[in-house]
Every structure is written in C-alpha cells, then in structure tokens.
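The two complexes that follow have chain A in common; it is paired with chain B in the first and with chain C in the second.
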Partner chain A sequence: MKKYGKQIIGCVAAAAVYAAVMILVNGGFLSRQMMSLIIPVCMNIILAVSLCMVVGFLGELSLGHAAFMSIGAYSGALILKSGLPTVAALPLAVLVGGVCAALLGLLVGIPVLRLRGDYLAITTLGFGEIIKSVFNAATPVTGGAGGLKKIPPVTTYRNFTFVYILMLLVILLVSNLVKSRHGRAICAIRDNYIAAEAIGIKVSFFKTMAFVIAAFMAGMAGVVYAGNIGILKPVNFDYNTSIEILVMVVLGGMGNITGSIIAAFLLTVLPEMLRGLSNYRMLVYAIALIAMMLFNNSPLKRMLVEKHNMRQAGKIE
Partner chain B sequence: MALLEVKNLGISFGGLRAVDGLNMTIEEGSLVGLIGPNGAGKTTVFNLLTGVYRPTDGIIRLDGTDLVGKNPSQICQAGIARTFQNIRLFSDMTVADNVKAALHNQISYSLAGSLLHTPHYRKKEKEIDGRAMEILRVFELDQFAGYKAANLPYGKQRKLEIARALATNPRLLLLDEPAAGMNPNETAELMETIKFLRKEFQVTILLIEHDMKLVAGICEELTVLNFGEVLCQGKTADVLKDPQVITAYLGE
Partner chain C sequence: MALLNGILAQLLNGLRIGSIYALIALGYTMVYGIAKMINFAHGDIIMVGAYALYVFVSLLHVHPALAVVLTIGFCAVMGITIEKIAYKPLRNAQRLAVLITAIGVSYLLQNLALLIFKATPIPFGSIIRVPSITVGEITISGLTMVTLAVTAVVMVGLTLFVNHTKMGHSMLAVSEDQGAAKLMGINVDRTITITFAIGSALAAVAGILYISQYESLLPTLGALPGIKAFVAAVLGGIGSIPGAMIGGLVLGIIESMSKAYISTQLADAIVFSMLVVVLLLKPSGILGKLSIEKV
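Showing the complex of A and B:
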C-alpha cells in the first residue's frame, strides 16, 4: 500500500487541479486574461519538463528547445489546416508534430552529442537560428515572416481536457523514465561519462535517446501553441524563447521535475499578474527570480532533499 | 588458456612512449599486482585494457577474444571492470543508484517498461534493488544506501567504486590504487575485503598499488613497470628481492 503512496498523491493532485480549473472556467470566476493563460501554462510545463530531462538529468545544455517546438508547431498547424474534423486532426497533428521534432532531434543529436563540453549549447543555438531562417524563407508553405495564418483554434481553454491530459502524460513519462535503468544511465552520464562508459553504458546512445524524447515532447507542445495562438511567426521561436524555457528548468532546480512544473507555472502567470504594477513589474519579476534561486541553493532545500533520499533508501529493503 | 593475454602492447602520446612492449598473462582466479614509480605508465595500461585509449601496437585478448578497437562499454560487457585512481563516482546520485546503474546490462528491461512502469519493470527493479543491496552489504555500505555518493567519507567512496565495478559482474577487475589516501587501519580492512570478494565473486584481479604492505600481503604475482617498460615480472617474493626493482622503485 505504502509503495503506491506517491502515485496516489499524484493522481489526487492531478484530479484536484483539473476540477479546480473546470470550476473556475465554467463558473466564470476567471478574467479573460487569466483564461487565456490556462493553455500556455500547460504548454510551458510540457516544454520545461522535457527540457529538464536534457539539462537536468542528462546534463547537456540545449539552447534549441524553441526550434523543436517550432517544427512541431508548423508541421502540426499544416495538419490542423487540412480540413480534417478536429477529433481526428488534433491528435494526428500532435503526433506528427512530435515525430517531426524527434526526427530533427535525431539528425542534430547524432553528430553533436558525440562531442563533449559546450558544443551542444552552441550547435543547438545555431540550429535554432537556421530553422528560423528556413521557416522565414519557405514562404509558400509557412507564410514566411508574415506568418502562417488561420490555424483553427483547437487548443483554447475550451479544449483544456485534451491539453491537460497531454501535459500529464509528459510529466508521467519523464518522471517514470528517471526512475528506471534508462534514467539511471542518463544521470550516470551527467555525473561522470567516463565512469558511465566503464560500467557498460552506451553513452552516445543514451544521450541521443534523451535528446530525441525531449524533442518529441517539445514538438507536441508546439502543436498546442499553434492551436492556441492561431498564427505562427518564425520570430516567436527565437533563442529568447529557448532561454525562457531554460530559465524555468534552472529555477526549478535543475533535474527537479516538480520544481520545473512550479517554475513554469509561476513564470507564465507572474508576468501577467504583475501587469498592474506597471513600472515595478520587471523589478518584482527579477526579485522573484532571485528569491527562487536563493531557495534552490539554501541549506533548507538541501536538508529536504537529503531527508527525501533517506526515506527512499529505507524503502529499498 | 589464460584469462588475459597482452602481447607487445604499446602506446605513444606524441613523442612520449608511455607504454612499450608490454607482455602479460593473467590466469583465471589469480591476483596480480602492477607496480612502479610515478609516471611509469600503470594507469595508462588500465586505460589501454579498458578501451579508453587505443593502443598504437599490440594485442589484448580476454579469454581468447580480441579487445583492441572496442570501446569502454563494449569492453565492460566483455568482462573487464575497473576503478579509477582519482575516484569517479556518480556523485549526485545515491550510493544505491551508483550500484544500480552498474547493473544496467545485468538486469535489463525495455524502454517501454521504463516509460510506463509495467509489471515487468516492477519485477526487474525489485531484482535490481535486491542485488544492489546484496553487493552493498559485502562492503558494509548498505546503511549508507540513501546517501548522496559525494557525501560519503573518502574511504567509503573507494569501496563504493569497487562495489560498482563488481556489479557489472566482471571476470577481470582492475583496481587503480585502491588504498590511496587510506590510513593503515582502512588499508588492512581493504585487504580483507579484496581477499573476500575474490572468493565470493570469483573474480580475477589486477591491481595498481604503491602501498607495498598491501602488495606483498595479497598479490601472488607482480609486474614492475619503469618508464613504460617492464622491469621485472614474476612471483611476488622473487620480484621484491630483485636488485633492479629495489634500485628503481623500492629504494635501499
């Protein structure tokens, strides 16, 4: 019974959040502005949790997450615009968006992940800019800088259930993966790739695997974005977007899934909440960032983590 | 047939001949020492045996299979495990996870199992937990299972590295200065552990060590390296009496 304690807490929390959002939306308790944030929150959680796997668990700095998102967004948008009924088009778009992003992840990952150090950061940064230029240039398909317009609004708050399930799925898959032999291999590579090789872990394979799975998830988030915003412009996917996602992961405490979720929520909602403060907005935002950073490095946090680990070890017997 | 056969092994770094013309055979079940002054090329031999470096010439055979050109993870799967002179643990992972990571190829299941936590995954993970604790118990590390590896005291980190190497179920275990930084008590304890695990895991051991008490106490045979070349090879007692070894390494 105790063994499933965590899963039960997770399920209850997921159901409670779902019920709360449904009540708030249907009861008319939310302003228009807040309603418009519901889907972006879910989308950013998907992006942050997936990037958390690469940056936090694999320990590789990827600055191209927005690029994978954009590939998912454009390929998914083309399917959404194809005229298929939404029930078929939306799942298909999400799947295709994910697969296209994953394929590009594979293409970029295979050569680059063999390199060590900061090469990945620089290459993914360059890759992101290249993708942006391609979308800008391929006007007949993507609408170029003017944007890909009239995407059916299939992932607005009215379709919250679908997006929410997608988000839960991503969280579940990533947290499951971490607690498995594949996850241990990925973390071992992060901590010491020479030792990881020496205990028989195929380093390049597992790096690529984590990278491709994360790209797949970012691609799915891209489709959610497309169906939410209705128009896609290449500028929306520049490195600023990648950095924003990275900030969520870093604030979440690198390799902490719950942290990434909370940070993604706060960093999506906070800027909107602070709008009323006008001039003080950036100041408060910056202070909030610093406060979260301080908490991450505090002895209090370390103590909590140690306690958690001890409890986990107690269960092994 | 010998478990490990090394013939005319050599490697150059630019102009430096770090290892030259090394011949060595290790019989199954034996405990062999590799000694020599600082910079003699001992660690380099380990790096050659485990595929970290590719030899410029020579042959390495484990139980008849050629290992040259294989990468470290393939060589581990072929049956050679090692520890490192400057400890390389997975420092942000728990003590238990360090060993469980090394069971990666021993107790296996699919990626789908990992993502979905299927019943098969649960069964295998239970096996992994059990095996990891079994190994940790041998090294009296079981009560530290939940500690972050980086938080272990130095002597225990060395032990954990050996535990992790053994988890890969090697036929040949390479220990690079296992007693470095240990006090005499810890070293004595380590000697007992090495003797014990040799029987318990039926593993052949090649170890590098500067602590001559440990070397004389447990090694049956020795190879002495000096400037990358073999100075002397044979039964421990004979090697330690060899005048050349005494001048080049042991002193007086």
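Showing the complex of A and C:
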C-alpha cells in the first residue's frame, strides 16, 4: 500500500484544490483581481513544470521557453479565431499549438543540442529573439507589432476545469516520465553525460526528446495564454518571459516538480499581492529574489538543514 | 560608385555600434572568464552609466570631461558593490543560482532607475561635439570618430594591462585555474573584485558612447545592447578578450548591413541567426578554446 501512498495524497490534493477554487469562485469570495489570476497561475505551472524537465532533469539551461509558448499561442489563436464552436476549437487549438511548438522544438533541438552549457543557453535565447522578430515581420498572419486581436476568450476562469485538467495532465506526465526508464536516462545525462554515453544511453536522442516534450507543453500553455488574454503581441514573448519561467524553476529547487509548482504559484501571485505598494512593487520583487537566492546558499540555511537532518537521524535511531 | 559609398558608410555605422558592443562584451567575457558566471546585470550598468552622466552634466552642471571621469568611477564602484553584496556569498553555489541572482540585480537596477527618473524618456543631447569630416564622398561624423578612437585606445590599453602587469597576469591565472592560482599566492577575491571594477568601467564608457548616439534616457536602455553584447562575447568565444572585440565588431557590421540592405524588422533575426550558424560550425565561438573533458 505504501507504494501508492504518494499518488493517493496527490489525487486528494488535486481534488481538494479544485473543489476549493470552485467554491471560492462560485461563492463570490474572490475579488475580480484574484479571479483573473487563476488561469495565469495554471499556465505558469505548466510552463515551469515543462521547463523543469529541461533545466532540472536534463540539466541544460534553456532561455527560449517563451518562443515555444509564442508558437503555440499564435497557431492556437488562429484556430480559435476560425469560428469553430468552442467545444471543438479549444481542444483542437491546444493540440495544434502543442504540435507546432513540438515541431519547432525538434527543428531547434536537433542542431542546438550539439552545444552544451552557456553556448546552448545563448543559442536558445537567440532562437527566441529570431522567432519574435519573425512574428513582428509577418504582419499579414500575426498582425505584427500591433498584435493578433480579438481572440475569443475561451480560457478565462469560467473554463477553469479544462485548464486545470490540462495542468494536471502535464504534471502527471512529467512526474511519471522522470521516474521511468527514459527519465532515469535523462537524469544520467545531467549527472555525467560521458558516463551516460559510455553505458549506451543515446544522449542526443534523449536530449531531443526532453526538449520536444517540454516544447509541446509550453505550446499548450501558449494557447491557454492566448485564450485568456485575447491579444497576442510579439513583445510579450521576449527573453524576459523566458527568464521569468526560469526563475520559477530555479527558485523551486532544480529538479523538484513540487517546488516548481509552488514557486510558479508564488511568483504569479506575489507581484499582484504587492500591487498596494504601487511603484515599489517590482523593486520589492527584485530584492526578494536576491534575498531568497542568498538565503538558499547561506551558512544559516546549511545549519538549519543540518539540524533538521540530525533530528531525522535521531528519530530513526 | 554610389553603391560602394553606401556600403562604406554602412560599414562605418556598423563599426561604430559594433565598437560599443565590443566594449560591453569585454565586460561580459572578463567576468565570465574569471568568475565563471554570466553577469546578466552587466547591461544595466550601461544604463546606470548613461543616467549618471545625465545627473552630472545636466543636473549638477559638472564640466563634461570631469563628468565622464566621475561616471566611470561611479560605475566601477557600483560594480564592486554589486559583486561584494550579491555575488561573493554565492561563490561556491550552483552556477544557476548565481545567474538568477544576477537577474535579480538587473531587475533591481532597472526598477531603481524607474523610481528615481520615472518611465518617460529623458532627452539628453550628446556631450561629444566634434565636427564631422568628409573623405571623398563619405562623411564621417564626429561621434563615429570619437567612438572608434575611444574603443581602440581602451582595447590596446586593456590588452597591455592584461599581458604586461602583475594584476593582468593574476587575472589570466585565475581564469585558467582558480585553485592553482590560489596556491600560487594570488589573492583571488581581489582579482575578481578588480575584474568587476574594470568590466563596469568599460560598461560606463559604452553607456556614455551609447547615449551620445541615441540621446534619450530610459530605464531599460541597457537591456538590448546588453543582450547583443552577450551574443557578441559568445560569438567571439566567451572568456577570450580578443574574441569579444572581434565578436562585437562583426555583430555591429552584420546588424547595420542587414538593416540597410535587407530589412529593419528582420535585422535582429539575422544577427541571431549568424550566432546560431557560427556556433554550429564552431561550437566554442570564433576564438574560443574547446576544453577537452577528461573522465
């Protein structure tokens, strides 16, 4: 029974969160501002969890996640605008958005994953900027810098159930994938790629696979974004967006899916909570970010962790 | 003939913007070589430099020459302070943790500037007043000449400093092998501090030249040149000083050529495509050394 304990806890938690959100929304306990945050939270969780797979488990720094999101968003938005009934258009848009992003991920991934470390990081950043420029220039299709307007608002908080299920699927897929044989291969590449290659793991295949799956999920998140915000502008997908997602992953603890989820939630809600501080909002956010990183690596934290470990050891004895 | 003149004029344009990229890229590459970190806040030092110059010249009415010196000093001190407070405690931490802290510092600087100077662009005329000269049919603006001259002097000076002074040698040693350098009696902490000071001073020079060209102050003005200079540093081979210079100039020329002859909107895409192509052909950049990994 113990084997399934964690899964049962997970299911209960997922159901409880869903019930809580539904009660809060339908009971009118939330302000409009809080309601408008529900979908961005889900979207950022999808993005953070998918990037967590590349950065945390594969161990490669990707600074172009927003590019995959934008491909998904634009292709999904074009389908949403095509006039199909929402019931058909939304799942189709999410699927097409994901597939388009995955294809781009494959296209980018195969050549780029020959590179490693900082070179890979800067190349993914470069690809992100290329795609942004292309969207800016392709005015007939994307509306250029003015933006792709009048996208039907299909993923607002009223459609929470759909987005929530999508989010759960992503979390489930990633957390099961990393525990599978393929996932262990991915982690082996992160820990030592030479050793991984030596024992017969196909490094490029698994790297590309992780990259493509992450791109697929980012594309789906992009469609959610498009349906929530109603207008797409290339500026919204610059490297700052990629960095925001990366911050969530790193803050959540590398290779820790639960951490990524919590960090995605906090970092989406925090700036809104700080709105009362008006102009000082982003300043506080920046200082909090630095302080958290410094604390995470401070001797104080190490001491606390050690104390905790000692206590755990004492309990076992 | 007209076409040739046009190309030459664009080449000069490219060299001007390219030398600004090169100055910024030098800061990236030196810090990367020595502290092994991507200093994402480096681009914002350019912005700090530009605003500092504005404060000294327009608000405090300091003589421009003195203001330039003060600005460079201010940015160097700023660089040292940032290093001491935000990066030094993380010296042995994960590299990504340092990267995120650098991003935090970048946000902090931008938002401080936003609070102090507000979001509306501040017009600020160039302090460089050198008449332009005409050679044949090509007019070379004073700003271009000053930018090229300053960059050349800085580059020669930096190369001499790194190769012929004790401090420069210890920088090379620390970038080669930090542990071994420490054992040889080199003060690693002080070397890193001085590297940050030099990098930030170079960013200040770049900021002054940049603002003389664009003449408008914005809290986010450092972001784009910062990212392009980073690309230039990687293009030339990150960690290599001559590489940063070449990378910057190549990037500037490609950018101005594609702006003039292909498409203004796609210029950025072309610049980044060049980066991808170069890295695919030579994964360590133009002058970078490929380190062989041993098991």
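Just so we're on the same page, the second predicted complex is superposed on the first by the 281 of 317 C-alpha atoms of A that agree within 3 Å, B and C clash if a C-alpha of one lies under 4 Å from a C-alpha of the other, contacts with A are read in each partner's own complex, and residues count from 1 in each chain.
The definition used in the following text is that a contact is a pair of C-beta atoms (placed from the backbone, for glycine too) under 8 Å apart; a residue touches a chain by one contact, two chains touch by 3 or more.
Please read these numbers as outputs of a predicted model, since none were measured by experiment.
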{"item": "Which superposed partner A:165 touches (first chain B, second chain C, both, neither)", "value": "neither"}
{"item": "Chain B versus chain C as contact partner of A:190, first or second or both or neither", "value": "first"}
{"item": "Touched partner set for A:141, first chain B, second chain C, both or neither", "value": "neither"}
{"item": "Contacts of A:247 with chain B and chain C, given as first, second, both or neither", "value": "second"}
{"item": "Partner chain in contact with A:11 - chain B first, chain C second, else both or neither", "value": "neither"}
{"item": "Partner chain(s) touched by A:19 [first = chain B, second = chain C, both, neither]", "value": "neither"}
{"item": "Contacts of A:203 with chain B and chain C, given as first, second, both or neither", "value": "first"}
{"item": "First (chain B), second (chain C), both or neither touched by A:298", "value": "second"}
{"item": "Which of chain B and chain C A:235 touches, first, second, both or neither", "value": "neither"}
{"item": "Touching both chain B and chain C, residues of chain A", "value": "194-195, 198"}
{"item": "Sites on chain A touched by chain B in the complex", "value": "173, 176-177, 179-185, 187-188, 190-192, 194-203, 209, 255, 306, 309-314, 316-317"}
{"item": "Complex contacts: residues of chain B adjacent to chain A", "value": "50, 52, 71-73, 76-77, 81-82, 84, 88-94, 96-97, 100-105, 107-109, 111, 113-117, 121, 125, 128-129, 132-133, 145-148, 164-165, 167-168"}
{"item": "Complex interface listing, chain C residues touching chain A", "value": "32, 38, 86, 89-90, 92-94, 96-97, 99-101, 103-105, 107-108, 110-112, 114-115, 227, 230-231, 234, 238, 263, 265-269, 272-273, 275-276, 279-280, 283-285, 293, 295"}
{"item": "Chain C-facing residues of chain A, complex", "value": "55, 61, 111-112, 114-115, 118-119, 121-123, 125-127, 129-130, 132-134, 136-137, 194-195, 198, 239, 243, 246-247, 250-251, 254, 279-280, 282-283, 285-287, 289-290, 293-294, 296-298"}
